[in-house]
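Listed next: structures, encoded as structure tokens.
What follows is a pair of complexes built around chain A, which joins chain B in one and chain C in the other.
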Partner chain A sequence: MTIVTGKAEARRRLQSGRSGVLWKMWEHRADYAYVLPAIAVMLIVIAYPIYYTIELSFFKTPPGLQLRDKIYVGFDNYTNILTSPVFWKVTWNTMIWTLASTFISFVLGFGSALALHRDFIGRGVLRAILIIPWVISAVAASYIWKWIYHSDFGVIGAVLVGLGLADRPPNFIDNVSTVLPSLIVVNIWREFPFAMIMMMAGLQTVPEQLLSAAKVDGASAWQRFWHVTFPHLSSVSTVTILLLAVANFNSFIIPWIMTGGGPSNASHIWITHIYELAFGRQLWGVASAYSVLLFLILMTLGYFYVRALSGNERKEGSA
Partner chain B sequence: MTRITLGGAVLRGTVSAALVVSLMSASALGAPPVDLSKWSPEYVRSIAGTQDFDTAADCGKVTPLDYKGRLTFWYQGVFEGDPDLLRQYYKEFFETFRKTYPNIQLEEQALTYNDLLDKFRTALLGNAAPMAVRLQILGGTEFAAKGYLQPLKPEDVGYSTEDFWPGAMKAVTWDGVTYGIPTNNETMAFIWNADIFKRAGLDPDKAPATWDDVVKYSKQIHDKLGISGYGLVARKNAGNTPYRFMPQLWAYGGGVFDEATANPTYKEVELNSPQSKAALQASYDMYVRDKSVPVSALTNQQADNQPLFLAGQLGMMVSHPSDYNVMLDLQKKATGTDKDKAQTVIDNMRYGLIPTGPDGKRAVVFGGSNIHILKPEYVEGGKVDEPAAKAIICMWTSPEWSLKMAYAGSNPGNLNGFKTKWMKERLDSIKFLDVTTSMLPYGIPFPALPQSPEIMNIIVPDMLQNALTGAMTVDQAADDAAEKVKSLVEGKL
Partner chain C sequence: MAHVVLKDLVKTYGGFKAVNDVSLTVNDGEFVALVGPSGCGKTTTLNLVAGLIPITSGDIVIGDRVVNDLDPKDRDIAMVFQNYALYPQKSVYKNLAFPLQMRKLPRDEIDKKVKEAARVLDMTHLLERKPRELSGGQQQRVALGRALVRDPAVFLMDEPLSNLDAKLRVQMRSEIKRFHQDLKATIVYVTHDQLEAVTMADKMAVMNGGLLQQYDSPAQVFAHPVNMFVASFIGSPAMSLIPLEASTANGNTVLTGAEGWSLELSPRNAQKVAGATTRKVVLGARHSTIKLHKSAVAGSVPARAYTVEPTGDVTFVQALLSGAIVNVSVPPNIAIAPDEQIWLEFDQERMHLFDGETEMAFQAN
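And then the complex of A and B:
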């Protein structure tokens, strides 16, 4: 009779577990071979640039020198960024831009999805119309909005002056106080259809039987929404919000085309400021340090995104 | 039909010998093909059409016409603010080049003024630059200082250094070596709408004499007619901003450094001098105090002022001679009553010299473009086809093409261009050309420093925006900008 101690059993299980993993990997060797080219490409186009950006963030790159003649400055770029008032102004802008755009786009998108989920005449047409802002080119939309907002002969200004509601056209994008909210409006206009589509897809998964049962049990419309619909949409909501947040952090086209970050840096967000530092001012080192900071934030968001997705999978798996 | 109204201003604008000399570097004091000391509208007319040139034959001596090769070439091309006439000449140039050199495989790429520097810098970082490039005047020094460009002087393509404006040669010289050849050189002029002047109670045929007058006129136009007086431009990262603000800055006696002097050293930063602050104050007075300029000045560029001017909603602006042709192009596209309104504006369009500062100093940016050849190690494929590059450079900088490619908006880089029959034709067909050629002797080149693009495209517009938005006072904005320039030049950033 063999006596197996708890310790020995644990070791045995671990070893068999390890060999099991290796065996599984061997069994799936063809699958790994299939994804190997993709991994190799990712290493070249993602991993190397990340490494190079981190490396560059420790160097100074004066305009009179080539990049290869860069000067090592340690953490100076990070110190300069974090002690620069412009950085904090741009960070504040980025937070407002991201939070306001994400939150309002989501709320509007969710509301539209709920409205369009109901059956009524013209629903298809309305759906198509509401998706337009999302499908048209961001560049074209930016130019159009620039003319709509134009401080001297914009459409809004002309209408307001024409109706006698204003003496002169309102100043939307040439004013440090109004420029960021004005750009956020454009961003929301462009993004809310994305949230709408995501939430409409989510609404399709809410079981009709549950809603009918709740109705039979006397639940009000709000109670049916809050206790049945909303819990079913929590996962898709999380993913939508995270995707919107990441997209907004990286949003470049609208602020760059409409204002170039101005006036007086009032509409610069991180990504446009990084672009200006790198390509306008050739401060590659400072821009790289900025990018590293942005990368860390986005990776954190990415982590939560993956966790949210995994949570969904687990829920679906256990269902 | 519009009559050219030069008046006393143009007479006073004939050669200022001191300023002409200021444009001359010691090396260029040779025998130019035209007499710069006689420069005046009359002189320009007298030399136009006096000499014939055979471009193909001249360039054939540099690169044989049957030469077989391949050339990649980027250039600052025509954009939305340029007249159709210029578009036509650009098209013709490349067609002619292909006919003249049928065995050179030319791969050209046009980029706008604002995009070219960014794209070119990025390409250089990846050793993917073109073999030859035509850059704005502001860019040459930066890339020469970084060692990206091959030495290239007019003699390498069959011309003489004296064939080009001495001030323009400064912009392609770094550390005593020449790295490029000017293709065109331009100076802007002052444009106003005589009808608006008349309705505002101003003399319709007289341009404001000083920048202080511009401030006064702008206010008077705005107060009486409710429209914008002067077309201020203060967008960041747009070439239009320094081209319009620097003449004002220099006229008041200010500058970024001492670039407006005869022998600049670029040692002391003068952006926060009392004179520079006075120039900034003038912009502040127009934008903030009087609200007499377009509100959109902070996000717009000159291309946005053009339709405003054509619509009769803008009284004055600083621009190229080409703006007359641009107005004609825009007028053709107008419909209904807008067409007639536009024609009225065109009929009332007047050109004059750019106003002076309080001390009578007149200045304008000596603008233009240069053409360069890259070093092979920075070029895609690691090879430069020098004969092919020299062939296109010879053609573009020839008297014929340096004039045609600048037909409506600029002036030939090659001074011999002024002697061609096309110059004569141009003087007859392009209105107000006399005025802009009269401004040439007042031209001041941007500082020949690698930091110039950042100073002109970022720091100076930032200074304007900081003052005009109230983010800083005029003093603070000037001090902040001066500090940024100092840090940049000292390599602190």
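And then the complex of A and C:
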């Protein structure tokens, strides 16, 4: 007969697969209790809406009908979206909007960070001024720019006419071909300070001795940038670009307030389009299907973001 | 290789003189250590020589050129940094090749020089690795290699061993010394560790407060410190400095301690003190030049044991004397208890006497 003591039993259970996991969880029961309230809130405000959005995306919700009388249509919403020309127009707009805003904001922000990294008189003031676009409310900024672009009373138009560069004020946002670039300019103006701040923080971590070493080794200012500063900033650059890309993909305020997506969908991007479908035209099912597609795309971006972050940790961990 | 001359070198930051009128000559092939406590201006001096910061006034000559206004890359120098400053994204090979690429050497020549440097420093097997895959000692060797491939006129080293652990530091110390002997290189080496300076350098420049205190061979600096700062900074444990009062009685010069005892100086020492303008004299003695007695003997002075530190080879006794702590070494078989009454006998031939006001050493006439 074997006598099994309590301790030995516990050890045995620890070593054997599933019951071992349960045992470990039981040992950490207090930790689970601490995060329980947060998990409960998350379930209510995030998990349930996600589930409900997915459910709605399989239903038709005619504007006159109450939501509980929705009609099941299977994948119809998805097929309708993917075959409609508006979808492709909006997707194309979103791509241009996201890529152009992200890339130009990053380049401008990096440039300003480099300029502000050197010591010169008035640096503090200039830095404060450059951060302003990022701190003021996006709604206020949108209205200001709407007036700046205004075809009758806008500053830009007046200056162009005053200088004799144009016969009459150009029409920036009521024109199908100029509206998207005009909005992108506003977006870049608003978010390049974010890239600037990120890159300024990154620049401060470039080791001084490494730059000195490069100087002694005979590297010019440009070579020092290319061989020391830029590689050192690769991880902060990746994170900045990804964060900008996600923020731009999710943009809403600037296009919605300045144009509402018009004229004729020329400045509609995904979020504004979804908002209009849902809250403008009460097409909850279609809007939900759109949202699910957007969710999938953003999750993919998020995956790369996390991978970039943990990749850096791995690199530093092995150092 | 070349010599380096600093002439009246000054560097000020605002009103603060970080380097104050430093002049010294490093001969061709000489290993000179700039040594001093933190903030003494040694690293600033090195950076001035490297051209990483502009000089305020004075002249720097490397070889036969005044290099005051030249960029670092045009000064024909190579530098080794405290944290190695290797390019983290580049392999060891590319780190070594970088200074040569910047000089636009042909590819096959770069390859030859890099492989030669790797062979000299015994790191051929490391060429494909990234710096983060190397140990601290290996990284330091790569940093040396990067300086070596350039074949510069002068090597500048800024505390290259400070980031290594104690054991590796001793090992790299002899490697760098060997490096100097083999290459007959002119080296200016900054360190806060007087032991490194003493063991490696042909000459050491002791700095404090931006001023050059003494510039001589380690043996000379050790045996004849010019002032109390140098005396207390060089040597471990530090030289004991005991503030005393000088007086003359019956034609003899006598030093009196705070406890009331007196010590008659030898004629040679008396002569040194004779010209003093102050009665305050500081007696300096290294631990090995003081004898410890358990009972009074002629020429000894009474003191009290304070702490006792056995190290195995010798036991260090810290004694209280005239308000100062005196370090004495005794053989390990002599048992001393804290607070025990002891007597100390100073070796008149090897004691140092300093002016209590100016802190300068009295010189024999």
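The criterion applied here is as follows: the second predicted complex is superposed on the first by the 287 of 319 C-alpha atoms of A that agree within 3 Å, B and C clash if a C-alpha of one lies under 4 Å from a C-alpha of the other, contacts with A are read in each partner's own complex, and residues count from 1 in each chain.
Criterion: a contact is a pair of C-beta atoms (placed from the backbone, for glycine too) under 8 Å apart; a residue touches a chain by one contact, two chains touch by 3 or more.
Note that the structure is a prediction, hence the values are computed from the model and not measured.
Once chain A is used to superpose the two complexes, chain B occupies space next to chain C without a clash. Residue contacts after overlaying the shared chain place A:119 against neither chain B nor chain C. Shared-chain residue A:280: touches chain B; no touch with chain C. Of the two partners chain B and chain C, it is B that touches the larger number of chain A residues.
By the touch criterion defined above, A:27 lies against neither chain B nor chain C after alignment on the C-alpha atoms of chain A.
Contacts of A:152 after superposition: chain B is touched, whereas chain C is not reached.
In the superposition on chain A, contact of A:169 is made with chain B only, not with chain C. In the overlay built on the shared chain, the residue A:223 is in contact with chain C alone; chain B does not reach it. In the superposition on chain A, A:260 makes contact with chain B only, while chain C stays out of contact range. Of all C-alpha pairs linking chain B and chain C after the chain A fit, the shortest spans 52 Å. Overlap of the chain B and chain C contact sets on chain A: empty, with no shared residue. For chain B in complex with chain A, the residues that touch the partner chain are 118, 121-122, 125, 142, 145-148, 228, 234-238, 294-299, 308, 311, 313, 450-451, 453-454, 457-458, 461-462, 465-466, 468-472, 488, 491, 493. Across the complex, chain C meets chain A through its residues 47, 50, 52, 71-73, 77-79, 81-83, 85, 87-90, 98-99, 102-103, 132-133, 146, 150.
Taken in their complex, chain A has these residues touching chain C: 207, 209-210, 212-219, 223, 227-228, 231-232, 315, 318-319. Residues of chain A that touch chain B in their complex: 60, 62-67, 80, 146, 150-153, 169, 171, 173-176, 258-266, 276, 279-283, 286.
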